[in-house]
Amino acid sequence: MPIRVTVWGENYHEQKNEHIRKIYPNGLHGAIAEGIKSHLGEEAEVRTATQDQDHHGLTDDILEQTDVMTWWGHVQHHLVDDAIVAKVYQRVLSGMGLIVLHSGHWSKIFVKLMGTTCALRWRDDDSETVFTVNPGHPIAHNVPPVFHIPEQEMYGEYFDIPQPDELVFLSSFKGGEVFRSGCCFTRGQGRIFFFSPGHETYPVYHQDEVKQIIANAVKWSYNPPKPRYATSTCVHSPLGWMSGSEQS
Amino acid sequence: MPIRVTVWGENYHEQKNEHIRKIYPNGLHGAIAEGIKSHLGEEAEVRTATQDQDHHGLTDDILEQTDVMTWWGHVQHHLVDDAIVAKVYQRVLSGMGLIVLHSGHWSKIFVKLMGTTCALRWRDDDSETVFTVNPGHPIAHNVPPVFHIPEQEMYGEYFDIPQPDELVFLSSFKGGEVFRSGCCFTRGQGRIFFFSPGHETYPVYHQDEVKQIIANAVKWSYNPPKPRYATSTCVHSPLGWMSGSEQS
Amino acid sequence: MPIRVTVWGENYHEQKNEHIRKIYPNGLHGAIAEGIKSHLGEEAEVRTATQDQDHHGLTDDILEQTDVMTWWGHVQHHLVDDAIVAKVYQRVLSGMGLIVLHSGHWSKIFVKLMGTTCALRWRDDDSETVFTVNPGHPIAHNVPPVFHIPEQEMYGEYFDIPQPDELVFLSSFKGGEVFRSGCCFTRGQGRIFFFSPGHETYPVYHQDEVKQIIANAVKWSYNPPKPRYATSTCVHSPLGWMSGSEQS
Amino acid sequence: MPIRVTVWGENYHEQKNEHIRKIYPNGLHGAIAEGIKSHLGEEAEVRTATQDQDHHGLTDDILEQTDVMTWWGHVQHHLVDDAIVAKVYQRVLSGMGLIVLHSGHWSKIFVKLMGTTCALRWRDDDSETVFTVNPGHPIAHNVPPVFHIPEQEMYGEYFDIPQPDELVFLSSFKGGEVFRSGCCFTRGQGRIFFFSPGHETYPVYHQDEVKQIIANAVKWSYNPPKPRYATSTCVHSPLGWMSGSEQS
């Protein structure tokens, strides 16, 4: 059974700005979706959803049928409906994988899952060098020890996140900044990967190493959907609960 | 300069229930405060604050003058003012230590900092055995490898928290359950310790090992207040920012 | 391409003791191998190797052709050839998965990879209850929230290991002890899982939950063999190394 | 009672090379010791020991009276006596703090404690920028968000260490490399800090930020010496062990 991926995009810059539309004629979400397909083929079933759609494209049905979601947003974070965020949050805790990309660091969903501000330093007009610091990690599979992104926004430390469960990539920039650019977290039964490369004014999502990493993260964050058990509320467990059917 | 500790308590059970009032004539917060004083002496300056006070006892002045806060709540979590929670949250991210005790696992502040539900299993009328699993950790200082709490509520796994940065104690219960009972987290500049022993109907906070652990956690989570730098918003950092005064 | 698994066994108790031979007529290694096959089918290609064979069954060829190794030893640890241990160690750092089972906690290879003594408490004649504390982890896939092992040796804390990168299972015992029974580590490019259930005098490796967990760990610790890059020596890297062919 | 610190040095370059002797007239160990004294004053009692002394300056008495050791070595690692390394290793597991500096990354003691090769990239003639990525950590106390080391050897990723329990500093270099330059580990009861800045041909140990960090690490890694309990061998624990005197 293929991994059911929903690539979520803000779909704002590419509608408003011709320069960006030229780089991403099918939207950033379109390029991200293509990258996943190019690496995973029949292993994944990829759809897209965007903020401007009804329910931001995330109806209950679609959420229920999503195994892994990628999230790209930037200037419209504040307009994302809290009720939708709450549903995505529940899906993550119930086992949906979540891949948060670039400026998604300041999305409501990421901030809520992290418990911190997720603030950072930034500057346009730079280039990024990405280093693998956990070469045996599944997300580093087929990724070189180091690769360059010729044009990229600078994201620099201090990045206000909890310590990642696993750190996979570190980046440096022309200005001398460093950044924890590939970070793994677990929340409830959901596995979350934050990956910082990717900016609307540069063709980052057309670069093969970036596609490879996002595809790897889809596989890593995927949890086969069944059997799952509820973990979201306190459970009174009288003596003997372990031998009965109340185990879940 | 002493560590300025604010022991926060719900102060509900001890007002409503005579049995509990007998165990904790000065309130649970009173006993927790006494335990810290008995171990830290002049190293700490301890005050208490309770939910029934104006601003839950947490005015801006008091918050600003608190280096470490302990938090005990149980059945009145939902009545804690969101605006106060938001202020405590900001203080933690700015470096205030936070020690969350027992049923505080379901407090608004802990859930917000964790990003998960913090749900668990529970049952009254049990006893707890606490094991040290990180014997060189400062919070384990002067704590035996194992100790018993004769009467205690059972808290059992699965406990829905992010993986702790450091795990210091594990507990078992008569029913065979296990629990991650001493967990360290960092959020922003604040260090957080969750410690599960402690229940309103048992004299847990009068037990010396428990006092020792809470006192150790006060020292561990303490951040000397200055100099600190802001980390809570994104900072545009033009080339050259590192050599100027904009470093903070 | 299937995962090439080598199940390594001490093969001592089952040769010397009829009671144990009745439980494990094909050796503990035989039972462990069967369990992996029963869950992974054609996804894995499983062979066994034992300490009494030439080179302990671990020739250079076999090591080179092993993607994941499981290790069970007990009373003959000291007789394992240091030169073989050194080769297994290099294979782990180069990306081979390693699953260390039960009394393998005191094997030369595990102690060398951990950097600690790996000592623990123990007692015969107990039973074990295993709790999942990371329910979204791949090694917990299809594993219930809690399960019992009716007869089992007690392994208790303090267990002298470095803090695991990820903690997946905790266990309790009739005597009230607790144990970190499922622990993930990374060393170099190799992923290591320690799983404590399993004793020669009890049919633990015939129990389905145990088989499922070991099979899950095989998949989790598997690194597709190519491309890999050397990480085992210091590399002089003159300016410009990143743009050349010296990246690896 | 002051923290008893032993600053251990290879004391080779400064004897052989006049340029280095001019930078470090009292040896690298002398400068490191001075830095600790300048920040900790009466809180620490600092002595030095060097490789060329009898027992490398590390007799049983001195080891027993050392609470925290700092380790700097470079080209003479292979000449350090294995028996002395074994004793230092036991002291770390028993609770002695260990601060491994710069080229000490390839010392026998660090490699043994890590369980990996500890290999890295390197190049002379660079400069280093150090970023704080865990601003609430005790080792970051009074350390600015970012600071420069004008002349420094480059140490770059991949650095073959286990994932640190806590990552405190990241560095970048002129060549665009990044490095995990401040890493915390726990082994047994001992707390270990690796800090990469510091090279024999540059006055790094005279720089105040570097002195501050090493002094902070001394305090962080310090374990009050008593009471301690043995954790280095397996302990048979019959039912009832918890209630008796055998707890330790």
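Just so it is clear, A, B, C and D label the chains in written order, and each chain counts residues from 1 on its own.
Just so it is clear, contacts are C-beta pairs under 8 Å (C-beta built on N, C-alpha and C of every residue); 3 or more make two chains touch, one makes a residue touch a chain.
Computed from a predicted structure; not experimentally measured.
Colleague: Among all the other chains, which ones are in touch with both chain B and chain D?
Modeller: A, C
Colleague: Determine which of the two chain pairs, A-D or A-B, is joined by the larger number of C-beta pairs in contact.
Modeller: Between A-D and A-B, the larger count of C-beta pairs in contact belongs to A-B.
Colleague: So which chain is farthest from chain C, going by the mean of the CA atoms in each chain?
Modeller: Max centre-to-centre separation from chain C belongs to B.
Colleague: Roughly how many whole angstrom separate the Cα centroids of chain A and chain D?
Modeller: The separation of the two C-alpha centroids amounts to 37 Å.
Colleague: Counting in whole Å, what is the centre-to-centre distance of chain A and chain B, each centre being its mean C-alpha position?
Modeller: Chain centres of chain A and chain B, defined by C-alpha means, are spaced 31 Å apart.
Colleague: Hey, what residues on chain D touch two or more of the other chains?
Modeller: 129, 134-135, 145-146, 156, 158, 163, 165-166, 176-177, 186, 188, 231, 242
Colleague: Over in the complex, which chain D residues touch chain A? Could you list them?
Modeller: 129, 131-135, 145-146, 156-159, 163, 166-167, 170-172, 174, 176-178, 180
Colleague: Going by the contact rule set out above, which residues of chain C touch chain A in the complex?
Modeller: Of all residues in chain C, those touching chain A are 95, 129, 134-137, 141-142, 144-146, 148, 165-166, 186, 188-191, 223-224, 227-229, 231, 242, 247-248.
Colleague: Would you mind writing out the residues of chain A in touch with chain B in their complex?
Modeller: Residues in contact with chain B: 93, 106, 112-117, 119-123, 154, 156, 158, 160, 162-163, 165, 175-177, 185-188, 231-239, 241-242.
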